[in-house]
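Have a look at the structure that comes next, please.
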Amino acid sequence: MLGEMLENVRSKSPLVHNITNYVTVNDCANIVLACGASPIMADDPDEAGEITTICDALNINIGTLNSRTIPSMLLAGKKAVTLGHPVVLDPVGAGASSLRTKTALTLLEEVKPDVVRCNMSELKTLATGSATTKGVDADIADRVTTETLDSAVAFVKEFAAKTQTVVAVTGAIDIVTDGTAAYCIKNGNPMMSSITGTGCQLSAMTAAYIAANKDDMLKAAAAAVCAMGVCGEIAFEKLSAADGNSTYRNYIIDAVYRLDGETLERWAKYEIR
Amino acid sequence: MLGEMLENVRSKSPLVHNITNYVTVNDCANIVLACGASPIMADDPDEAGEITTICDALNINIGTLNSRTIPSMLLAGKKAVTLGHPVVLDPVGAGASSLRTKTALTLLEEVKPDVVRCNMSELKTLATGSATTKGVDADIADRVTTETLDSAVAFVKEFAAKTQTVVAVTGAIDIVTDGTAAYCIKNGNPMMSSITGTGCQLSAMTAAYIAANKDDMLKAAAAAVCAMGVCGEIAFEKLSAADGNSTYRNYIIDAVYRLDGETLERWAKYEIR
Amino acid sequence: MLGEMLENVRSKSPLVHNITNYVTVNDCANIVLACGASPIMADDPDEAGEITTICDALNINIGTLNSRTIPSMLLAGKKAVTLGHPVVLDPVGAGASSLRTKTALTLLEEVKPDVVRCNMSELKTLATGSATTKGVDADIADRVTTETLDSAVAFVKEFAAKTQTVVAVTGAIDIVTDGTAAYCIKNGNPMMSSITGTGCQLSAMTAAYIAANKDDMLKAAAAAVCAMGVCGEIAFEKLSAADGNSTYRNYIIDAVYRLDGETLERWAKYEIR
């Protein structure tokens, strides 16, 4: 069933508008292409609304946000919602500065994204208005483990229900929920955290998945999260002893390029709570 | 003869000023280095004119254009022309927003670039003021095939003659013309379209080629287009079954780094019409 | 002893705030992760000061500087110094435009960075206010060779003493000095200059090294420079005949990811003058 989500991306090839940071933007573009969709990046207020009009989905990522791009995020976000285009919000570093926290909360309220893709520290910031964070990485205190899974699922479900969004929180165990059902996903590899932007890449890919599967965004987001984790595993197996995080980054995108629905089904490790 | 164009880049090592998008900028810098030239990126109005003065060529790419960089493009473009430096214009996404269309047309008229490097949808936008486009990729209706080659060549020639520029339109078959002679180039591999920025990279490399071959820009641009296609073929042969678009990107730049004039001559597949 | 500097980065995992150019920013983030630290990029005046507050070091790189980021550099730089966070300045392209020269000199005077990491042409610009430069690369006349080493060491020492900073000038022979002792380092490979941003990457990594070794910044900076050179050698040995600068870039970051203190000690080639 998750495999079908992936195949829909390949057959429909949605065009995804990304307003995203300049750190990981190239990887985001390449992973969108790898999964079978097409990316376009545009972040100036003078064209953001028009560009989103010709697209099938919008991915808003607030990493390296600035005074020129924040208005574009709001403008394009509202336009996309008006047009019925699915929207993903990645609140990178919410909690690390008041500008990021405030911008993320404003986007959440005024755009009402379909999917929020983030780490647990960022979600806590969105839920409570403040949290501990280690820059753009989740605080160690916020790690989801087998021991803390029950309470974590309850917390994420509550947030998803309250905001009426699908929430995809990634970490050692990923939780994807619409407030009712929660996919608890155990794919992935710890080495993924030694690459910049695996989260950003997942958010961009999630936009492609929900664009191609608008009638089941929960399952589409879960499929994207599983696909990223599975590709992290496939890529890790391919590494030799001298390879490091740069080669690993390339291999993950390569694996996304090669992934098909059947392989995704076979490798996916999740339970629904 | 095309090989000589390449060797001139390696022997003269021109310095290329790039005002370009933040999506593919790193690949552009690395491909300029790979072909034997040197890149410098600078896009603030407070230095764009001065930077272009110390360079040998200017590459203007309007992807992720914004209110701060558009004036820099015009300013540096005019300065470069005044100094006799060759200028390449890559009208990325012309047709996708009125800002891009308008900016591309303004640059075409006010800067009068030596080479326009684009896809067929973008060229149609420049020629007619409007066209269909799929974001930053050519519309499927605009694909140049063996069946449509005659009319495509006539169309590109007419545009080149009218604007007095060399036009390099890339796709399944590439057309490079100054309005009189047209190189129809059949190098390349379809997988190149699954990497972000092969067009941007080619534009940056073309600036290096015309800088090193100012007395024959048509042949220089044709050589750059052939070189990119040949490297797409060489890199494709190197791929193993598990490799995807990320590794392919690296292998193409690697191939540019290794390419010599003799290999370019041997692999080049073109006819002149 | 240099190996201990490296191990301290891995054990302390400092968070490094980078205000840097959009050309090499992804490589900078990945190399910071590779060496065991964490990166965060933020360049808007509305958050630059706050972001630097939660970090352990600041890396200011003026490549692709602009009217919005220059105030952020000054603001974050002063904030970091007030908080006792180590600061690295990379004056990319100082000498190539008056904006870059002026900004670099202003940062040097008003922020007083702990380490300046640059090439010899950039240092001459900082020392004299003007110099020849080939864009962002050192002018050939400024190359440090065995013949010119004595005078080069004297020149760099004088600058370091006058400005009370550690200066790390990289080239064929690297010189790292606090004005008293000078590490003359012969690691590295000429092919490193065919990759964009090895200097930028080194500056980002140096910020991580000095953050983890605040009580001996000279040795920390020397260790970072040696580490980069050693990884350039390790990566070069791994290249096959068809590999070029793109694969080499990946292999260098991979080598940084795998490097341990013992290997660094064994491969390091330097003398102290």
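Lettered A, B and C in written order, each chain numbered from 1.
Just so we're on the same page, a contact is a pair of C-beta atoms (placed from the backbone, for glycine too) under 8 Å apart; a residue touches a chain by one contact, two chains touch by 3 or more.
The structure presented is a predicted model; accordingly, all values stated were derived computationally and were not measured.
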Work out which chains are contact partners of both chain A and chain B. C
Determine whether chain B and chain C, two copies of the same sequence, contact each other through the same residue numbers or different ones, counting it as same when over half of the numbers at the interface appear on both sides. different
Centroid of chain B to centroid of chain C, CA atoms only: how many Å? 33
Give me the residue numbers in chain C that touch at least two other chains, ranges are fine. 22, 26, 68, 249-250
Under the touch definition given earlier, write down the residues of chain A that touch chain C in their complex. 21-24, 26-27, 63-68, 93, 96-100, 133-137, 194-197, 242-247, 249-250
Name, in rising order, each residue of chain A that touches chain B in their complex. 15, 22, 25-26, 29-30, 33-34, 38-47, 50-51, 54-55, 68, 238, 249-258
